[in-house]
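Shared between the two complexes below is subunit A, which has subunit B as its partner in the first and subunit C in the second.
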Partner chain A sequence: MADPSIARTAPRADPPGAGALVSLGLVPPATRFSFRGDAAAADGCGRALGLALPRVACRSAEAGDRAVLWLGPDEWLVLAPEAETVPLFAAVEAALAGVPHALVDVSHRQVGFAVLGRLAPALLNAGCPLDLDLSAFPIGACTRTVLAKCDVVLWRRGPDAFRLEVNRSFADYLAGTLRVAERGLG
Partner chain B sequence: MLLIPCPYCGPRPELEFRNAGHAHIARATAADDQGWAETLFYRDNPKGVIAERWRHFSGCGRFFNALRDTVSDGFLASYRVGEPRPAAPPPIPEGEAPRIGAGEEPRP
Partner chain C sequence: MSGQHRTPRGGRIDRARPIRFTFDGHVYEGCHGDTLASALLAHGVHLVGRSFKYHRPRGFLAAGAEEPNALCTVTRDRARTEPNLRMTQVELYDGLDAASQNSWPARGFDVGAINDLLSPLFAAGFYYKTFMGPRAVGGTTMWAKLFEPVIRRAAGLGRPPTEADPDHYANRFAHCDVLVVGGGPAGLAAALAAARAGRRTMVCDENPEMGGALLTHPAAEVDGRPAAAWAASAVEELRRLGATVLPRTQGFGYYNHNFVALTERLTDHLAHPAAGAPRERLWQVRARHVVLATGATERPLVFPDNDRPGVMLADAARAFLHRWGVKPGTEAVVVTAHDAAYRTALDLHRAGVRIARIVDPRPRPAGPALDAARAAGLPVTAGGTVIGVKGSLRVSAALVARSAGAGATDHEAVPCDLVLMSGGFTPAVHLFSQSRGKLRFDAATQRYLPGDAAQAQSSAGACAGAWGLAAALDGGSAAGAAASGGEALRHAVSGDHPEDGGGTLGTLPHGRDPSRVKAFVDFQNDVTAKDIKLAVREGFKSIEHVKRYTTTGMATDQGKTSNMNALAIAAGALGRTLPEVGLTTFRQPYTPVTFGTLAGAARDELFDPVRRTPIHGWAEARGARFEDVGQWKRAWYFPVAGEDLHAAVAREVRATREVAGIFDASTLGKIEVVGPDAAEFLNRLYVNSWSKLGVGRCRYGLMLNEPGFVMDDGVVGRLALDRFHVTTTTGGAPRVLHHMEDYLQTEFPELRVWLTSVTEQWAVIAVQGPRARAILEPLVEGIDLSSGAFPHMAIREGAICGVPTRLFRVSFTGELGFEVNVPSDHAAAVWDAVWARTEALGGVAYGTESMHVMRAEKGYVIVGQETDGTVTPDDLGLGGMVGRAKPDFVGRRSLSRPDLVAPGRKQLVGLRTEGTAVLEEGAQITPVPDPKRGAHAIGHVTSAYASPTLGVPIALALVENGRALTGQTVYVPMPGGAIPARVVSPVFYDAEGERLHG
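Moving on, here comes the complex of A and B:
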């Protein structure tokens, strides 16, 4: 049987109340496209965007301030600065004239959260069952998954940096859930 | 938590999945009552290996097929829609298989 005094006297890995351990904030408004199509359409879309669409499951591609996230074998999420919505949409449509595809502007459907800090994986794991260890979910990995009671797109930007994309109507709920979970990290 | 192997995304937690019933149901070709009853309602409900449709709902969104052992609830294989059903692995000898949820626990 373990000596209970050991558990009581063991030093805490993280001092309580240290605010820098995790932070949650909104990311600025952005251009978001849902793109679906086969390999030929993905090639054309990649040329229009200036970066190849990732073909490996659950991986993202980034070039400058644009990014493409793999969501499914024929589904991607395109992220770009807010001002590029109209020209970028037109550029992709022009490049894919005659090629079957679906390009939908979902910029205002979703809200982006940035979860930063050393305890960011622990905070997300309060509601997300994925293994967020760096070996299982490396930098650049992205996937749709569940977080508490809503579906989110989770994208790892760094060892301690994540971006969440959540449907706008769930944003309040999600932020509240994460705030409550944050208290438990102590 | 049970991990379900998605043929696209790899093993993922079961919360992300939805079951979609039996796989490989051939639709009745003749429009008679018995044929339609077989298509719509008659299911095998085996004790052992079953081929099911699953959807990676909160993931890649894709439907796929999987072999599951209804005795142990273990997933034996998963494969994409359109691929043939793989051969079921040999049954585990009686007495060695996990009996979780089998309803056969010895009564005191």
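Moving on, here comes the complex of A and C:
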């Protein structure tokens, strides 16, 4: 039984303000798994998740409130609601008994930011060197990249909607960088 | 009144919006749209500064970015003071406060001008010759004692601000199909062609208004509209098509893979910038194709005293007249080897400037421009030259000789207050050259032009050698169309003069004693024609050497107006052709860029990420002092009641050893190694053997690099047959993961194992001391903490305070110890619970300093402190850990290298000294107390502390054959005398390790 006094405490990150043209906020705590393995393992994992793992580079798949992001030829980031950590982990492991793979819980490793608004691509491009035009980085695209001086996973949810995943100790820096970048949009 | 030299109408200024500004304390009025240069010229102010070396009075030479003379300091407040701004690019705003530079006490009377009279002392290479001066007393040269301090005081232009820059600078990465640098006729036409073809298009121009030469040819029409109106409509169409149009934006650097850097000036032209608004924006653009439309720069003519205020480039006068409605003088002598200046003379004539003479050094000039000038009644001296000017603070006459050549001393003084010169136009190939494109020399026109492009790039307009608006527009259209697969539109042009041409390079012949006159080549660095000839006489043959010796082209303008003349003079002196002498290298940036723009947001708190653990807030609230470990902030010690470091550490260590202490070890690197081949992978990466490590057990692992030296260490726990929890040093975490990933992918791709960083997934609370078990027992569920069930070096999974934990029984203090790993979001709450227990039992929280002291008391090494990249396991006394039976592991082969098995290697030992003084870490160790200077040191101190547990100073050291010296005395020579130290075992406390198993 979880002690009710033990609540999840988000890391120190003053979320950037909600500007008129772009808004930024922390996303709620979530379940995050790093999944590694070959095609057979990916198939099994997809069956357990109810969601086929994307095989196209830098693309994501979503079903309900679960999502899987392609991060490498044998690497995916699984996102799911917070409460699913334990049962989902067990379900994937059960589905893959005897199949070589690595499933690692990284739910607390990262923090998610939502970046929304017409100027969201411009804001991200203050620190991220990728081409965020819809033709180059369409909805559903995801990748590891850098934002200023930290590594992030960038995932496009809509024309003006992005999610950033960053290692928790960099959240403060990332939020500060985006706050400063927001001032530079004018 | 915006100046008595203002034309009654015309120009791109808004006469209805007067602006008051200050220059050198005098208040003037200008118009909206003026630059500082045009506004001052409208008031007849030509003298605007002093030159760098000779403190010669100087005026405006140019009207744009290439201006070498007219530099000023603009001050908004004490922190916002920027020197060395080109007055030709400083846009006027209400209240602008600018000052001239390099003049004292005033620009009209300047003490430093004595250098002009002393100039024989300051010839080319003066600076370098001071290096070779006579030796002064004590072996130092005159350079260090005399010249260097004097030159240092006199050198430099302007003064830097004395306070930190308060402004904010933005950064933007951008991608496009076609980037056009330059918004003149060629650039606008190229951008239009690309944008109309549906390409993602960007176009930038250094000026506030796009249009370039279209703005200085009021008689010309494009597609049936006045040229300037056409430019405005082109900009409008570009914006409508979604192109990014960036005025006030300088393309300053062209790098690999069509990466081009631009700097956009956002607020410098505003009287009241919005608070917090970015001052400049750095654009880092990656373009599929780049069109350079950077235009051309007019060359000065090189004749004696060609730097006097009132002597300026003819095209600059055209720009002042047509862009800003300013007549830069009342009576002009035009010296030109190019037809374009005839057109300028005609325009000035029509505007009411008396043209006293046009002097053309070409022997037989001819053509429509000359005909037009003659038809207008302008006096032309063909085949003549100018051998100097009269006037010092302002030109008062030009000395015109009827014939060129050595006999040109027979001259007349033609009174004037303006001398316009034109040596022709130099294509601005800077960015092309930066792109690594090959320049080619066009012998017919004596110009360097863009040759083969090295990247997806093309040049159009004057920078590609085209002349005239029609050629620029057509060239731009063609380049834009080719870059975008679009259609090259032709633009109809009238009222332009595409047939004009001409040009000359090098000095005009003047027949005067060359040692007594100064004919300037590089105005900003005060380099004259005779300096360049002197350099050649002194043996410099390479243009790169001539450049460095004379400093020509090395000022902040990078020789935009001077390089070709300098090259021609050097080539003449060497008796070679221009291409034989070669061109100096063009370097980024094209114009100076502020540090703020390059730094962007990376300053102060955001200079580098500051990483904090989930327990940081608690430590901060408890008044912890922090230390930086890489990017991490770690709690260093927890002072209470005014304790200093030593008092706090003594208390923390004693309490931990007597009761218990808790420590935030969250920064430890953690890697989850998972897969059926996980143990085999670790076998190959660590010296240890992992196959037989039982599930639920831990082992201290030592990792070597390929040369056999210790690169990292840490405890590894086996959670399942195919799952290991590996820990690394805090600083080594990323390096170790990369090292592992590198070997996995390149050497052992057959292994079915995957690595995942979990450093930040798990926060770590170390609970150490005799009462550690008592602290944890009530909090932990599902794990039997008793010694029998959970021995030293074991790992268990269970729950603490209701959340999952990976609980290690390990110790870095020598005491009974646990390391509680909990998911990071739960760490603060679990820490609170553990702390409440610890405090109730009389324990403490301790920081990294106490951790260091306690591990040193136990002789535990810290990689990076006891090791320096040259230390083997055996050197550390850990040779027994090496799995000799294993077929291979990284570094294994190197361990049998002769130098790694030779006797005399430095070995880890302990040192004990008398008294209370703690040895200096890093101090050298010698076998005798008074070693001779240069004697060989047999080792060095790696760690030294006052041990609170033993009450004496202790030290760890690496000493040659150290283990064999146990019991003997070595010496640590210090400035106050050598300190004797006895070599002892590195384990100072509880050598039997009984406390670990409590």
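The rule is simple: the second predicted complex is superposed on the first by the 168 of 186 C-alpha atoms of A that agree within 3 Å, B and C clash if a C-alpha of one lies under 4 Å from a C-alpha of the other, contacts with A are read in each partner's own complex, and residues count from 1 in each chain.
Here, contacts are C-beta pairs under 8 Å (C-beta built on N, C-alpha and C of every residue); 3 or more make two chains touch, one makes a residue touch a chain.
Please read these numbers as outputs of a predicted model, since none were measured by experiment.
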| item | value |
| --- | --- |
| Which of subunit B and subunit C A:V146 touches, first, second, both or neither | first |
| Touched partner set for A:G72, first subunit B, second subunit C, both or neither | first |
| First, second, both or neither for A:R183, with subunit B first and subunit C second | second |
| Contacts of A:P129 with subunit B and subunit C, given as first, second, both or neither | both |
| Greater subunit A contact set [subunit C / subunit B] | C |
| Touching partner for A:S107 - first (subunit B), second (subunit C), both, neither | second |
| Subunit B and subunit C contact sites that coincide on subunit A, given as residue numbers | 75, 129-130 |
| Complex interface listing, subunit A residues touching subunit B | 57-58, 71-73, 75, 129-130, 143-146, 151 |
| Complex interface listing, subunit B residues touching subunit A | 1, 8-10, 12-13, 15-16, 58-62 |
| Contact set on subunit C toward subunit A in their complex | 168-175, 200, 274, 276-278, 281, 284, 286, 601-602, 605-606, 608-614, 616-617, 632, 672, 674-676, 752-754, 756-762, 801-803, 823-830 |
| Residues on subunit A engaged by subunit C in the complex (per definition of touch) | 1-3, 5-12, 29, 34, 36-37, 74-75, 100-110, 122, 125-131, 133, 136, 148-150, 167-170, 172-173, 176-177, 180-181, 183-186 |
